[in-house]
Structures are given as C-alpha cells and as structure tokens.
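Provided herewith is a single structure, encoded as structure tokens, for subsequent inquiry.
We call the chains A, B, C, D and E, going by the order they appear; numbering starts again at 1 in every chain.
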Amino acid sequence: MRGRANAGLLVGGTLVGLVVLAALVSFFWTPHDPTFVDAARKLREPGGGYPLGADKFGRDTFSQLMVGARTTLYVGVVAVGIAALVGTPLGVVAGMTPRGWLSELIMRVNDLVFAFPALLLAVMLGAVYGPGTLTAMIAIGVATVPAFARVARAATLQVMVTDYILAARAAGRRRPGIAVRHVLPNIGSVLIVQASVSFAIAILAEAALSFLGFGTRPPVPSWGRMLQESQELLFSTPRLALWPGLAIALAVLGFNLLGDGLRDFLDPKLRRIRAER
Amino acid sequence: MLSVEGLTVRADGVELVRDVSFAVAPGERVGLIGESGSGKSLTALSLMGLLPEGVTASGRARLGERDLVGVPERRLKALRGRELAMVFQEPMTALNPLMRIGAQVAEVMTLHGRPRQEARRRAVELLERVRLPEPAQLARAYPHQLSGGQRQRVMLAIALANGPELLICDEPTTALDVTVQKQMLELIAEVAPALLFITHDLAVVASVCERVLVMYGGRVVESGPIREVFTRPRHRYTQGLLAASRLTPRGTRLPAIAGSVPPAGRFPGGCVFRNRCPHATSACEASPALRGDGHAFACWHPA
Amino acid sequence: MTLYLVRRLAVLIASAAVAAVAVFAFMALLPGDPAEIALGVNATPEAVAELRRQFGTDRPPVAQFLDWSGGLLQGDFGTSYVTSAPIGPQISDRLGVTAVLVLGGMVVALVLAVPLGTFAAVHHRDPLGAVVSAASQVGIAIPAFLAGILLVFVFAVRAQALPSGGYVPFADDPGEWLRGLLLPWLSLGLVQGAVLTRYVRSAVLDVMREDYLRTARAKGRGRTGALWRHGLRNASVPVVTVLGLQLATLLIGAVVVERVFVIPGLGDLLLNGVAGRDLLLVQGVVMVLVAAVLLINFVVDVAYRVLDPRLR
Amino acid sequence: DGGAGGGAGGSSKAQSLAVGFVAEPANLDFTSTEGAAIPQALLVNVYEGLVKLGQDGRIVPLLAEKWDVSADRRTYTFTLRENVKFTGGAPFTADDVVFSLDRVRTDWKLKIKSQLDVIDTVTKKDDSTAVVTLKRPSNGFLYSMATRLGAMFSRTGVADLANKPVGTGPYALSSWRRGDSIQLDANPSYWGTKPPLSSITLKYFKDATAMNNALLTGGIDVISSVQAPESLQQFADPGRFQTVEGTTNGEVVLSMNNGRPPFDDKKVRQAVRHAIDHKALLDTAWAGRGQLIGSMVPPTDPWYEDRTGDYPYDPAKAKELLGGKTYTVKMRVPNLPYAVNSAQVVKSQLAQVGITAEIEPLEFPARWLDQVFTKGDYDLSIINHVEPRDLGIFADGSYYFGYDNLEFGKLLAAADEGTEQQQADDLKQAAKLLSDDAAADWLFLFPNLIVAKKGVTGLPENAIAESFDFTALAKQQ
Amino acid sequence: MPSPAGTPPEPPSSGPGDGPAEAGTTQPLIEVRGLNRVYRRPRASLTRPGAAVHALRDVSLTVRRGERFGIVGESGSGKSTLLRLLCALDQPTSGSIRFDGQEITGRPERRLRFLRENLQIVFQDPMSSLDPRMRVRDLVAEPLTALGLPAGDRVAELLEGVGLPADAAERYPHQFSGGQRQRIAIARALAPRPKVLVADEPVSALDVSVRGQILNLLADLADDLGLTLVFVSHDLSVVRHVCETVAVMSGGEIVESGPVDDVWAAPAHPYTRALLEAVPTLEGFA
C-alpha cells in the first residue's frame, strides 16, 4: 500500500462515514418514529426536538433522513454486491482465458446485458414483480454486472501478462490458485474503486426510480421518495426538498470522492485501468 | 557553445541535480554517464526546458548567447527543434500513435517557418538520410508499423530536421538490440553537430564521445577526455563503474560496487558516494569540489 | 477493417436476435392476460376468450414470437391490444422526440465538458482547475430530475422565461420547439456534462503524461499547441467510449426528464405501456431501446477503430 | 394572451383553452374500454345522450326535448329534438336511438352494461319519437341514460370508435397527440347554443407538479382536478388564479375484506371505524380538502343523510371492541397519491389501537385490480369509488368487499322498483345498514378541486357526472 | 500433443546442440528435438488467414547435467519462447522436450510436478516477476506452498543464501532495489531445491554496478548446489562469463552452437560474427 491519504479520500471517507453512522444509529435510536403520522405536527417548523422540522404528515424529517440512509446503503450494498459477486468472477475467468470460447461467451452475454440499462430493467422487473426496493436493487445490480465484468477482465488481462503470473505457474500453481492468490489481490483496488463508483450510481438510480414510482415504497423512508413527496411543497416549504436533495448529493459525492481517493491511494499505477460508469 | 553553470534541479524541496557545471564546444561530442537515478535525464531536460511538472531548475545554462534556464516558454519554444534538439530513450512511446510518420517529421519544420509542401518533401529526404528503407512509403506509415530501431531513426530525423547546433540524446539505444544499436550509434556519430550523449553503458559512450561527464547522486563527480577518464579514473565511483563493466573470464569473480543507488533525497551528505565507497573516511563527510581542469574529479581519496 | 466490420456486424445482428428472444420471454412472464386487461375488470369471460382469439394470444408462445419477430423485420410492431392503435408509428414518433432530447443533451454536455475538462487537466495544479474539478464532482452528485425541477423552478416558474414543459413539434412552431427543449437539454446536459468533464479531464491528464507530447514540445510547440495538435485526438479515444456509454444511459435516463418536463418521448411511452399493461407496446419499446443501445455500441466500437490506426 | 399550451394556433383570434388532466385515455372507445378518462373527455362534449345530469344532480333534457313516463312506470316515450346532426352530416333520428340502445346489449363489452338489462324493447314511433319499455319499473333507468350508457351513436359512425368518435355534441375531435393532448374543436353544425370557445385542448400530465407548473407558467388555463392539494397555496393570488371547490361522487373507501379474518368480525371492523380520526386524516392526507362522510352516499344524492356521527373517533372504544387483541394486516393500496397518503395516516392511527397495517402500494390500475379487486387478496385497501350512485356495489357478495347481507340487497331492489319517495327511504336505510355493519370505513368524499386562471368561466363546480362538461367554459378578456 | 519426433535420444554428435562435451558433463538432462512454435496472428482480412509467426523453427539442443548452457540472440529471436516451452508454460506446435528422460510436452499441469520440483526460472524484470501484493516470505515460499511442500525455516535459509537480511521476509518487493529484487526472485527459484535453474536475461534490467553481484551469486549457487544452468542473454560477453556452452539464435533458429570460447574466438555463422562485432567494448582502455 503506497500513497498518502489525499483530501478527496478524507472528505469522501467522512461523508460516507456519516451516512453509515446515521444508518447504524437509526437501528437503535431516532429522535422520533420516522413513519408515525401526526396531524398535529404537520409541517412543523424546525426546533424543539425537531431539528429539521416535520413534513406534511407530521413526520420528523431528521429521523426520516437517518432511516433513509439505511435504505440508501441497503440499495448500494445489495446492488453492488450482486454486481461484484457475479461480475468479478466472470471478468476474471474471461481475463484468464482470453482466447477461449468461454471468455467469448461471457463477454457476449455481458454486452447483451449491458444493452438493458438499470432503469429499463427496473421498470421491466417492477412490472413483473411489482415495484419496490428489492426489485430496484436487483435491477441495478444486474445492470451493473457488465461494468464489473469488464473492469475485472481488463485488469485481469493486465495482470496475466506479467512475469509474476508466469513465475507462479512455473512454481506449480494451478489456475484457481493463481486466480485467488495473484489475480484477485492485484485487481482488488480497481474493483474497490469500481464498487464505490457503482455505489454512487446505485444511489442516483434509486432516487430516480423512487421519483418514477418504481423505487422504495411508502412508508419506508427513502431520500429519493422524500424528495419526490416534497415536490408539491417546493414553493411553500422548500426545506422538505432541501434536506433529502442534499443528503443524496452528499452521499453520491462522498462515494465518488472515496472512489477517486482510493484509486490514488491504493495504487497510483492502477490509475490507467478506469472504472466504467 | 553550450555552457552550464551551477545547474540545480529540485522537486518538492529535494535536490535531484546539484550544482552541475560543464560546457560543450561546437562540434564536440560529450558523454554523460551514470547509474539509473543519478540525474542524467533531468540535466538534459532542464536544458530543453522540458522538466516534468513540479520539477524546477535554477542556475545558468546558455546556448551561444541565449539563456536556457529561467527564461519564458515563448523564448525556449523558438529554440527547441531548431537550435537545440533531443532524442529520447523510449522509441515506442515518443511518437504520436495517431499521426503518420512523414507528418510528424514535417511538423518540426513547418513549426519553424518552412512552407508545408517543402517540409513534406524534406521529410522524405530526412528519412532517407537516417537510412530508412523506402522513405517515401515509410512517410505514410503509422508509428506502430515500424520497429523500435526504425522509430528511433525517425526521432533522429526529427531532431536533425532544422540543422540544430546541439543534439541531446538521452539513452537513444538502450531499448535497441546490439546490432541495431551499432548502426544507430554510427549514424549519430556521423550526423550529429555538437552532441550531449546520455547513457549508462560505458562502452557505448567510449565508442561515440570524446569527452565524458560521470554523474552520481545528482552531481558530476568526474569529467575529462574519455581516454583519460577511462584509463586513469580518479573518482572511486568511476573506478568502480569501469571495473564492473569489464567482464572477467569465466570462473573468476566479477567486481561490483557494494550496495545500490539510494532513492532520490537519500544520498548521504558530503560525498554522495561515501556510503558505498570502500575508501570512505570521515573526511568524506564534507562535500568535495570538482577540481582540476581538463580531467576534473570530486573525491577526497582519488585513485 | 473490413473483416472487423463484417464480424462486428454479425455480432450486432446476433445480439439483436438474442435480445429479441430475451425481451419476448420476459414479457411472457408478465402477469395478466392482455385480453383481460384490455377489457377491464368488468368484462365477461366470453368477451375475453373472443378477444384472445382476435389477438392471437391463445396460440403457443413460439408461434407468437415468430409472428412478432417476423413483423419486426418488416418494421411492423403489431397493433396494441389496449389502444388498438398500430405500435410502429407511435414508437417512431416518440423515438424522434427522445432522440432530439438525448442528442441535444449530449451536445450541451460536450460543449461544457470538452473545454472544462481540458481546462481542469491543464490547470490541475492550480486552484482554478481544482474548482472546475470540484464543481464537476458536485454536478455528478445531483440527480438529473432534481436538476430539472430546479431549472423549472428558476427559469419557468420564477422568471417566466421559458415553458415549464410540454413538447411542440418542430413542424408546428420551430421557435416554441426550441424554447420548450432548452430546459430539458440543460438538465440532461448539465449532469452528463459534469460526468463527461471528469472523463475528459482524466483522459487529457493521461495524454499530458505521454512521451509524444514531450516530443512535440521538443519540436518547438508550446504546451497548449502540443496538447491541441497531438493531445486531444488521442484523448478523444477513451472519451468516445464514455460518450457511447453515456448516450446509451441517457437514452433510458431521459425517461425521468421526460416525466419532469411532460415530454412525450419513448420513456414516457414505456411507462404508460407498463402502467396500462400494454404488453405489445412495452415489448416494442424495450426492443427499440435495446436495439438502439446495441447500435450505439457498434458505432462506438467502429469509431474507436477509425480513430486509432493501431486497431485498424 | 394566447394561453393554449398546445402552441398550435394558440395565438389565433378564436378563443381556445387548455385544460390539464391526469389520466389519458388509452383509446376513445368507452363501449369496450374501462376507465373514467374517455367519458370525462367525450361525454356531453362530443357524445350526447337523451338526458344529462345537471349540476344539482337532477336529470335534465338533452337530445330529448321531453319524455313521458307511463303510469306503470315501465314505458318511457322520448320526444327528440329536431335538426340534430352528427358530425359528418347524418341526421339524428329515432333510428339512432334504437341502434344505440340495442348496441349496448349486443356490442358493449363492459359489465356495467347490465344496468340497462332492465330494458325490454326499444322502438321507433316516428323519426322524432322513440319508446323504451322496461321489464319492471326502475328508478335507475333514467339515471343510467344520463351516463355513457345512454350516449347516442350514429348508425354510420361506429366503424372506428377507438380513434374516430362521431357524436352530436358541441365539440368534435380535432386531433389526438398520443401521450400529450387531445384537441376538441367547436362543432359548427351544433344544434344548440354554440359553445363560447372555438377549441379546447385537453393536456395530460402524469405528474401533479408538472401540471401545477404548467398552470403557473401559462402552459394550461385550467387544472381539472388537483392531485396535490398541498400545493394549492401556489395559486393563492386572486389576481391571477381562481380555485373552485365542489363535490364529487367519489367516496374514498377504506375497504375491509369482510370475507376473511380478522375483518370478517364486525367488532373488528367497528373498532377500525372508531380508531380513525377522520378529520385529522383529511387534514394530513388531502390538505383538509373534501368532506367527511359516514356512508356510501355523497351529499348530492337525494337520499343523503349525515352519518359522520355513527362512529366518532374513540381509540379507547376501539381497543375495547378488539378485546385487547392485536392484529397484523395487509393494507394493499393503489399507488395513487390520495390512497398512499391516506394509508400512511390510517396505519399510524390503527397502530394506536393495536392493529399493525403493513402498507403495500400496488401499481394502479393493473396490479391493484388484479390482486385486490379481482382476486380479493387483501385485508385493507383504500380506493376512491368514483361511480355515481354506487351504493349497489355492496349488494354484490362477490364484490371485493366480501360484504354479504341479504337484507341490504332487498332494500336496494325495492328502492329501484319503488316510487321516488320509497326509493329515497329505502336507500337511506340501506346506507345506515352499511354504516352500522361497518361494511367499510368511509374516509372522506373526494373534493372536486379545480384551479383556473382568473377570467375562466363556466367551470363545473361539482363533478358528479362522468364527463367534464366543457359546454359553458369560456374565457373573459 | 504427441511429438512427431518420437525417436529415442539420438547419439550425442548428431544434433546441432551437441558440441563436444566438456569433462564431467556427461548425462543429458534436457533434450529438445525438432521444436517448433508457430504463433498465429489474428486474421486481418476476410480472405487471408492470419499471418503465422515462426517463433521457433526446428530447434534441437541438449543440456547436460551440471552444464551451464547459454543462449544468445537478438530481440524476437525466440529465446523467451524456448524457455517457456522448457518450463512447460506453453505447448509447442511440434517437437519434443525430455526432461530427465521424461517427455514434458502435451502433459496436463497435474502431471508436471516432477518438472516443477526440478526446474525453476528467474525472469528479466525483477519488478514485474514479483507479485507486488505479496510479502517476500510468501513470494519465496510460493513454489513450496503451490506444490504442497512444507516451508518451515526454508525461507530464512534461502534469504540468507542469496544475501538478504532476515527481516526482508516481512517486506514487500517495492521496498527493495533492483538487485535485491533479483535476489528475491533467485531465492524463490531455489526454494524447491531444483536441479535446473533457467534464467531469462536476469541481469539485463540491472545497472552494471550490481550486475556483478548477481552474476557472482548465480555462479556461487551453481557451484554450491551443483545446479544445471540455462542462461539466456542478448549479450554474448555475459554468456561467455557465465557459461561453457552457447547456442546462438536468430529468427527462431539455432544458427550456431558449441563451447562458448570456440564460438567467441571463431564465430562460424555470419550472424554470430555480426553480433560479436556489434557489441561495444572497453577494450583499449586498460
């Protein structure tokens, strides 16, 4: 591990840390029940136990933001998890046997899946199984598989032409051993970068889906839906849109900065293998 | 013609090249040798004004009447490629992969005021001059269609295009095969005006140059006519290098310099070589000056 | 190159064929019978059966697929079960709108990103370059629909300078057409431009480290001159890939902007189709979108080769 | 100001208006396609019936100048207006009446056509007189004739109902840009008073905010039905906008699945009714717009009674009725703003008495219709029953409420056959029965909220008919 | 792939690789017969198949036990290809390679254990031949762990043997200089106590000042462990210092072979002569 921590890494890490912290704390404590509707507190101004005020249902905005962080992370983790768990092995296999039929097949299927972008898949899946967070996440995850597979393949190809792979083979290591002991550690940093970039994209995609009504369903708090619900009050109570909008932007910013920072931090030499969007 | 005085190159407060002084007379061929990391390339690049970002040069360097260090880019631009030309080490990456060879050669001439048509014609002549086969066809090829040796010749053609006063070559043959290297060296020796030739191969410098500068740790530790320096090296480093370069018969032990070149900024104070030098004493904690004219060296315990 | 073109074209056609099967199979999974849906909850069973016969949905799936894909080859997308309108013309109308929207957004993005990204790369050590860089990071973080909502708020509702939405066909009134598209283009273009700026920046940064740029300067070009003459074309090679990826995502991403600005594009048609369970319509739209993405990838791959002689 | 948002001809001298709507029709054939969007646009405006429903809920003449009812209340003799022409030139005669009413039986594909099953024969007496005989006396008959079922079609104009409607109304279809708008132009050969406007554009918005913005920026002149009542403050400036608030036939019903536990237990249903603070619900879910009702009858119906006092908000009573038991139930609601909003309030309020309602929004219409309406797989749901005089839906045991009460069915049948007075009495009793049984809970009566630019006149205050009546719509300079 | 040259080992004098053997080197350890390796470039046109690159043409040679065998040739002459085949890291198009009497071509990896235990390789670029993500301890132990052998104290022993401090085991390759990295690579190669050490230009990437250190180390190890050495270089003078036998390669062929001193003194093939003439020397600077 070489390289110094840079400003981007620091800011990104802090922002992401805040999101994670909010999500974790929300499991044990929120100022109020984020879904409890109370007519008496409708559109309550900030202050007195309601740091950011309440929405038109009298729900505490701050509590909703905290629990919304959970949704955001949930979306990212599952979507990126699917993409990484499926895409990485495929990319590594394709990269380790660049001329084989298997590799060709993997990359062709990959290209095909790539032709079904996340939003399209989400709408299609939503139509079959009903919209919802899980459907959205699966759609985003599946649509992100090609990006991971491509990045993993490109990085694997670079690793495979190095002499240390030849050395490992000469030492008697078989393919699986090489994949686990040499390829994965060496493409790890590229994958981490790709993961954080994908995470940011997943957050944006979830917000867009919530806006279209294909994302997280009420009453589960989600930043995207908070934003969507606050639209009709944009003129009279702009703060309702401000907070979730800010939360989304900062979380996305955080993950992007984290990705860029990690890229520089983990291995300056790997800068050339770029994460795909 | 080229005179360098007190040239110092810094990056992030680290002195990578320190207080280098030398001169190249018209038509003279001077070699600059030293191990990897001794500051040869940085010295050359600072003369061209092409130091990488974050690296700065100070001191004085003049080509004829014109200053090279500390002058604005605009003035250097006019010099580069016309009076001062350079061939780089890596033939594989030094040419624009998307542009035809002929255009890349012609460019250096149009840039300095030659009409396009004429530059094109002359480009083919230059390719012929550096002994490339079928120059007219070659001019229409892309770099990736050429071998390393051929590309290096193209670089040489570019460098020679405007008849520069001084040619700087930074390890122009290191990436080439010996047979190709030989032809290239002969070519350079034949066509170069005044030459500053950088290499880490002592035998190469001996075959091309008349005078040599030995660098280590960012300083010139010894300089003088090749014959003198190579037959009677005074600095212990030069001595070590020479000894290591001669392969003794099979079954005998090879001489080597102990340890390895420290990374930039980790050279010892005083004599930069003292941590690897078998003759080092406490006297070496003070910086030795480069003494002597003709054959000069910077060593407290010269051989 | 010819070989490559032939081979790549074969891949394109094969992919499209497989995609057609995938899309059809996926739609077959959708719950709900088109005939039932078309007639609504109050329909009588006899009417449903009759309609099923009319639609041909009582036949085996393979026969239905062959019919559908055979029609596609002739540009016939069938007739909607729900609206009893032919689907092909609807899709082509909407495709035109979406294409204008997406391409305009792309132009805005390019116009922003190329100069800004290059500037940020050239000045990557200056505060000003860092500002551009940071601004692009922030731009990426803003969802496109939020940008759209804010633009409407500022330019349409507050300033009353531009329409808040709606689409006027060019043939009806070119001026209104343009006025109506300005904000959608901006909201697509600003966000995509921010993304693209970062790619342009890193591509230019990469190129700036290349030896041939140093060679150019050794010839007597200035920093900027070298970058213009030798750098930008080289930098465009990776940027073209990103551009293709973006165009593909934009095509779908436009659906959100279409919603915000009430633009009758393909995305809107798709969502309507899904909501109304207009299966054949959804199938057609998805197929067209997927084919468009495949085509964009094809063009990008070919462009890549045209740009870079090493790959020819 | 050329306000028409379509832009096309927006600045021409003749007056035109653009009206924003939410749901776009899938096609224009309401004889075979469900949904409110088609009659909303076409009925009264393009298609006319023999009679129509006035703003006060009374039935008034339209294509029939007058009608006579026989003493046994089984024969209706309609005297038709002279000089009525369909667009395209065909004259409207008694033959068309026979044709149209017969077609309901033979060609219509909707279940509601059964409302006219009561018709025995339709005959032509002469060109301007048509006679309808019923199998039995029915109060609902004439009312049905005011709905889409009574629309008059031309014998030569039914070839492409989905795309080319041919009617006798003041307006005729001019163009339809799918996914965007429908334009209606004034019918130059209209028999009655010419409408004030030369054309009307119906613009469709899937997004409430987009519709609001369109009005704010002059893209449209009227919002036909506000979907985001909280946003009404934007239109508070009386110098620019006017808001019309009236009633509709739409009862927002909290349906409880009477057919399965726990809501097969009347006590549990009653507990739910007590547990809900309807006033607070209306305030939070729909910005206080609308009216509280206690049963399935809107105030515009003659047999309306205020039943809001039947189950006052009383959580303690509710808990008592539940007997300390707690329940977890599925609340499957359509993904429509009022339903989702209300669901969240209901959830919170039920939570207070020990009922955990898990909200599951379903895509409307497809999934909600499939899951809840057709399959009846739900415990609680919320939907606005917009059909007029739809008390009868509770009489159908197979309806998704699962409510089955013989006495209720008898009351309804008697009401239809009896005199007007008997009808009113029976229906009052039926409504009370529903309320007492807690067959469902009635959250509120959906308001008719219209926002328009200042100067637009002739806006229908109450949306009690199926159509949005454009006939009086005008714009002052 | 069965070799067409399935013939028994030929008498020592017939192959071009068989020069008069020096005393003490008798038994053939590696026998290469009629080796060909053709790489096919991807096709560039519809009508013509991709160009064939004959990286190796009919190469035969014999390396005897304990011998130090040098291979010289210019870039692209097929040296690395030959080594890859010797190490069974690639399959020949035709021909046979016998190691200690056993055919190694066409064998699956799982049946190559005897080769892996007895033949190890050192590469040119010490940076790229060491996995940057592994500690030196794991790098050096890799041939053992990969073959399921116990590592024990062997790593410390090996590091000491190549002249590295014991604490080197816990560090990463980038923390070492070029010469030190090459020592690590050598230690790794020696881990399974091989009989043969194959070295592909092991000093080309090093500065002259440390070149001597590595060449001395290799010579010492070969002496102490009785190693057979196959040593590739583009520099005939380096080969002359290290090896007794040399094969000169050009265009995938062995154009000349024999005792290195003979070749050096009297090159028979014009290519060898050109090679010798091209090497710049310091002769004349005593």
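Keep this in mind: a residue touches a chain if its C-beta (ideal position, glycine included) is under 8 Å from a C-beta of that chain, and two chains touch if they have at least 3 such contacts.
In UniProt terms the chains read A, C = ABC transporter permease; B, E = ABC transporter ATP-binding protein.
These figures come from a predicted structure and were not determined experimentally.
Listed by label, the chains that touch chain C (ABC transporter permease) and also chain D are A.
In this assembly, D is the chain whose CA centroid lies farthest from the centroid of chain B.
Averaged Cα coordinates give chain B a centre that lies 52 Å from the centre of chain C (ABC transporter permease). Spacing of chain B relative to chain E, judged by their CA centroids, is 33 angstrom.
Centres computed as Cα averages put chain C (ABC transporter permease) at a distance of 54 Å from chain E. Here the spacing of chain B and chain D, counted between their Cα centres, is 90 Å.
Multi-chain contact residues, meaning those touching two or more other chains, occur in chain D at positions 209, 363, 367. Among the residues of chain A (ABC transporter permease), those in touch with two or more other chains are 126-127, 231, 234-235. Interface residues of chain A (ABC transporter permease), counted against chain C (ABC transporter permease) in their complex, comprise 108, 111-112, 114-120, 123-124, 126-128, 200, 204, 207-208, 211-212, 224, 227, 231, 234-235, 241, 245, 248-253, 256-257, 271-272, 274, 276-277. Per the touch definition, chain A (ABC transporter permease) reaches chain E in the complex via residues 2, 162-164, 166-174, 177, 181-182, 185-186, 188. Across the complex, chain B meets chain C (ABC transporter permease) through its residues 48, 50, 53-54, 73-74, 77-82, 85-86, 88, 90, 93-99, 107-108, 111-112, 142, 144, 155, 158-159.
In the complex of the two chains, the chain E residues touching chain A (ABC transporter permease) come out as 84, 87, 89, 109-110, 112-113, 116-117, 119-121, 123-125, 128-134, 142-143, 146-147, 174, 185, 188, 191. Considering their complex, residues 35-40, 42, 56-58, 126-127, 130-131, 213, 217-219, 231-236 of chain A (ABC transporter permease) touch chain D.
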